[in-house]
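Note that subunit A is present in both complexes that follow, paired respectively with subunit B and with subunit C.
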Partner chain A sequence: MIPITIDGQPVEGKEGENILQVALDAGFDIPHLCYNENVKPYGACRLCLVEVVRRGRSRMTTACTYPVMEGIEVLTQSEKVLRARRMIMELILAMCPGDKLIQDMAKQMGVEQVRFKKDDNKDCILCGLCARVCDEVVGAHAISFAFRGDRREMVPPFLGEAMNCIACGACVVVCPVDVIRMKEEGDERTIIRWKRTLKMKQCKVCGNYFAPWFQLEKFKERAKLPKDFFDVCFTCRG
Partner chain B sequence: MGRLSSPQELEKYREGIRRRRDPHQAFITVCGGTGCHASGCHAVVDAFKKVIQEKAKGNGVGLRVTGCHGFCERGPLVVLHPQKVLYQRVKPEDAPKIFEETVLNGKIVESLLYEHPTTGEKIVSEEEVPFYKKQMRIIFGNNGSIDPAQIEDYLAVGGYQALCKALFSMKPEEVIREVKKANLRGRGGGGFPAGLKWEQCRNAPGEIKYVICNADEGDPGAYMDRSLLEGNPHSVLEGMIIGAYAIGAHEGYVFVRHEYPLAVVNIGIAIQQARELGLLGKEILGSGFSFDVQISRGGGAFVAGESTALMATIEGNVGEPRAKHIHTVISGLWDRPTNLNNVETWANVPLIIDRGADWYTQIGTEGSKGTKIFSLVGKVNNTGLVEVPMGITLREIVYDIGGGIPGGKKLKAVQTGGPSGGCIPESLIDLPVDFDRLTEVGSMMGSGGMIVMDESTCMVDVAKYFMNFLKDESCGKCTSCREGTRRMHEILMEITEGRGTLDHLDLLEELGWVTAEASLCALGGTAPNPVLSTLRYFRDEYKEHILNKRCPAKVCRALLKYRILSDVCTMCGRCAKACPVEAISGKVKTKKEKGIPFKIDEQKCIKCGMCFESCKFEAIEVQ
Partner chain C sequence: MTEKLNVFAVRTLTQKEYFAPGHRACQGCAEALAVRLVAKALGRNVIIASATGCMEVVSSPIPFTAWRVPWFHVAFENAAAVASGIESGLKVLMRKGRLPRKKIVTIALAGDGGTADIGLQALSGALERGHDFIYICTDNEAYMNTGIQRSSSTPFGASTTTSPAGKVKMGQITWKKNMPAIAAAHNIPYVATACPSYPIDLVEKVKKAASIEGPAYLHILSVCPTGWRSAPELSIKLGRLAVETGIFPLYEVEHGKYHLSIDFPRLRPIKEYIRLQGRFRHLTEEMIGQIEERVRKEYAELKEKAAKGVAR
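Take a look at the complex of A and B:
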């Protein structure tokens, strides 16, 4: 166990954990958007800023990317931290002014107004969670960031249909601003944002369309399952 | 020649090269650097080849195509040795005359000499040209006399002597101690002490370690790293071998952008030649120390030069910076201890080992030792690459070396450090230039770019220009950097187009603070410099744009007002024809008719300036 202090309180973290994880587990409130414990920390949204004092030197850093180290002091509510977080929140709110979660977070942090031109044509906050889940959890590598600077975008390869996408919907679940949508119509499932439509497989027992063919084939291939393994849906299999 | 297997063999080989070279023998050097290449040096080289072939039969006049001499603005440059006569802006047709008069008869071709811009005096010797006189070219100097594709040339001027000294009479720790004592600071921008980095890397646990040379040089205005690699690649390589020995690394990379084809070729040749002579590879000079170098090519993004992005690129991943709470000296390339230094940093190493830290530390200031190469550009008479001792004043660089501001204009500011550097106002012209002074005044050493700006420059426009570059070149990962630079640029657009408010200035400052404090890498960390430094020194100019909707330097187009002086107007009607939006009315005067002086309708005017260009009578005023 690695002893640290957060806002003066002694807390213990485990080797390999980051400050955000430890702080959240201990009940501290640090706003965050691009962190999810199922994938590697990325440090993109910059909302989880904290001050870390180590060997007498203080610096601002993102809690999600900072490993717990013996003896560090973490300040989650210092004036500097709050000031920086507020501006970052305002910048994010300007990117997607219509999103409920972002609006609520902003309100909670005291961000009342947006002093920038609001982006009407953007909705994604570029947290990268969808791609990280797709890479690290699903293993499909269907989407990735493209372009630099203010042209950065999360897209399928060559901006076309995401050919590796198995339409599992993990990205739909993980997106904090809810801009990746899935629709099912008849025997088809579409992940609208990635322009991916896949035919669904029908259960031999109940007749429901339960999962995309392509996805099931991939699973069988990866887990070396028998050919007829997915002929019956999960519910009917019991 | 096979592999040399001891320092004695190297010395014998060197002696042989020197013996074959008569120091009094005439040879012609033509600069083959990037600048001179652009101004046509290749035709000059061909012309000299032809003349030598025809006229110098058995006479043994040498011709050498060298790397960049620095004075690119006056290229193609030709220097005749041993007298060191400098001819500038040489054309192919000058070759026979130069050969006839100077090489054969020792006479000077007056018309090709450099003329002092103020006194008009003709200057014969390269060293006497003011551009070179105040420079201290300990790193860059050999560029002008060696052929980068010939390892013999480098050996003849004492090359790989420092390597011998390090390998055979110093322990790795002693090499590190010497570099620490010399207080060599990284020339790639940050100014981090190289010796300390080497020591940390040496002490880091792990068998496999790497050294890397950063030749990404992403600042579009700087080209000193390119010129060093093109003109004297062995000096960089020798530095890397010494560093690898000190650190205990056996593998190295030179990371060079693919837009630098000649640099790639020349460092490639240098590596090959060094290998053949046993200066690289297994058991270097029979010492038991092995080290080899590979070239890795970068795609050319500005951010790819950042240390962690660079390592990710070499690994074959996306060139994006990552958090480095564990330093790259402990866990860098493929998670192994890695020491990265800039091209110029590496090139300093042989000199420090050869001449010693005591000699080296005599040059420079308290906190910054040695020299620094700057790329001097902008509104200054002499542009090019200049190597100066740390601590030289901006005044000396701009006026003595740079020859002052052209066209009798006034100096306004000097921008240093590359795109994310800052603007230093004319009032600080006596600032000694070193790492710490530049940071103190809100700028930085950065890439070594130095842009001179005169009174016709608008500082708000300058900030906008750099912010535009940075918002494009940020990798885009951090909200603070991506959105911060974008919003700063957006606000600067508002101000330069006449929609600025005083609140914008506070907002710029707040955005600047957050961008610098909250972003992951040093791109975000330094990106606000152009904005913050101009706000600090030129706030009145911002206010003039905001309050009076006026651009004092007459640069911001949207704020210009065009007016026709009715008493000067000859009623020729040219302006009305030139105007693309028919904003000008009046009546042309003819022999029969009186005519009406022309007038611009401000509402319709799109400030394109066509009328101003078209008027032959200076009847149009810009405000």
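Take a look at the complex of A and C:
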């Protein structure tokens, strides 16, 4: 166990953990959008900024990418941190003005007006969580960042259809601003943002559509399952 | 739209357990699973007031506890009253500056007995006063913890120890009380039904309930292998069947607007669900037909409400 102090309170963290994890476990409130404990921290949203004092020197850093070290002192609510966070919130709000979660967070932090150019056509905050989940949890590598600077975008390869996407919906669930939508109509499931439409498989017993063909083929290939393994749906099976 | 996602989407949930393993729930208890998912969805900043019931008994045998979040055991009838007290207390402490201002979710957790029978008065009061809390009813359709006595949530025809099936009567003679409709009639912002067989759907509903200001009511069907006389390995399947046969449809009521979470092109025959459970063993074909008729009618009514968008 590594002892650190957060806002003057002694807290213990484990080797290899980051400040955000330790602080959240101890009940401190640090806003964050791009963090999910099942994937590697990325530090994209910058909202979890904290001040870390180590050997008498203070620096600002993102809590999700900073490992716990012995004797560090973390300030989550100092004036400097709050000012920086408000600025970042304002920038994020300019990127994604329509989302309710972002609006609520901004309101809570006291960001009332946005001084930057708002772009109503854009809604993604470029946190990269969908791509990280797709790579590390799903292993499909269907989407990635493209372009640089202010033209940076999260897109399928060559802006076309995401050919590796198995329409599992993990990105739909993790997206903090809820811009990845899924729809199911008849025998087709579409992940709208990745322009991916897959045919659904029908259960041989009950006739319900239960999962995309392509996804089930991938599973069979990966786990070396018999050919007829997914002929019946999860409910009808045993 | 998230109810069919089950493989990878579940792995994006937190791996921390706030409802710790090692509690004393029976094998195959879907209620413990439901509570675990609820705790996962809400994370660290919650306070739970739990009425007497299965989840209280299995999670806190002295001197142990399965809870890694603040948790109260309160009397059978007043989970909602205690939760409203906690919520008001937090509000006052934050106003006076004795607590830092942050979002702490207050939850009242009770079984179907603690909700539909004994705790109904307290629940109705708390919903009417508009406290910002979530009421979670884990419905296993009888008083399972004391030995399977009937409650008002027990479905028609089910045999329990106080509504036994025999020569004179065929189990429970009344229909299941429609608790979500009672909660929705209080004009509260959010009412939903969920089932742990659809984990992502359940987690999303809990998160939505937490983000909404004002009272929210969540009705979770929890399969009980002990009381339903079913095989423990069938718990998840039974939950799915309950939804797919239309016996326990998953829906949300947001500000009075009904919305079906999952709809099937055609429902399964309810026989598939009933034949897996020992509590319905005595039912004749005729009675099953009678139940099916009623289930279909209620489902059609619900669908109509959802199609209209507004109803009550």
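We adopt the following convention: the second predicted complex is superposed on the first by the 237 of 238 C-alpha atoms of A that agree within 3 Å, B and C clash if a C-alpha of one lies under 4 Å from a C-alpha of the other, contacts with A are read in each partner's own complex, and residues count from 1 in each chain.
Quick note on the criterion: a residue touches a chain if its C-beta (ideal position, glycine included) is under 8 Å from a C-beta of that chain, and two chains touch if they have at least 3 such contacts.
This one's a predicted model, so the numbers in the text were calculated from it and none came from an experiment.
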Clash-or-fit label for the pair subunit B, subunit C on subunit A: fit
Where the C-alpha centre of subunit A sits as vertex, the angle toward subunit B and subunit C in the overlay (nearest 10 degrees): 170
Partner chain(s) touched by A:Gly27 [first = subunit B, second = subunit C, both, neither]: second
Partner chain(s) touched by A:Ala142 [first = subunit B, second = subunit C, both, neither]: neither
First (subunit B), second (subunit C), both or neither touched by A:Cys48: neither
Partner chain(s) touched by A:Asn208 [first = subunit B, second = subunit C, both, neither]: second
Which of subunit B and subunit C A:Ile19 touches, first, second, both or neither: neither
First, second, both or neither for A:Val111, with subunit B first and subunit C second: neither
Touching partner for A:Thr65 - first (subunit B), second (subunit C), both, neither: first
Partner chain(s) touched by A:Ile88 [first = subunit B, second = subunit C, both, neither]: first
Shortest CA-CA distance between subunit B and subunit C [superposed frame, angstrom]: 22
Complex interface listing, subunit A residues touching subunit B: 42-47, 49, 60-62, 65-67, 80, 83-84, 87-88, 91-92, 94-95, 115-117, 125-126, 128, 145, 147-152
Sites on subunit C touched by subunit A in the complex: 1-2, 4-9, 11-16, 43-45, 100, 102-103, 200, 204, 211, 237, 240-241, 244, 264-266, 268
Subunit A to subunit C touching residues, read off their complex: 24-25, 27, 29, 36-38, 101, 104, 133, 137-138, 168-170, 172-174, 181-184, 206-208, 210-211, 215, 219, 234-235
Subunit A-facing residues of subunit B, complex: 301, 303, 318, 322-323, 325-326, 470-480, 482-487, 490, 503, 507, 510-511, 513-514, 517-520
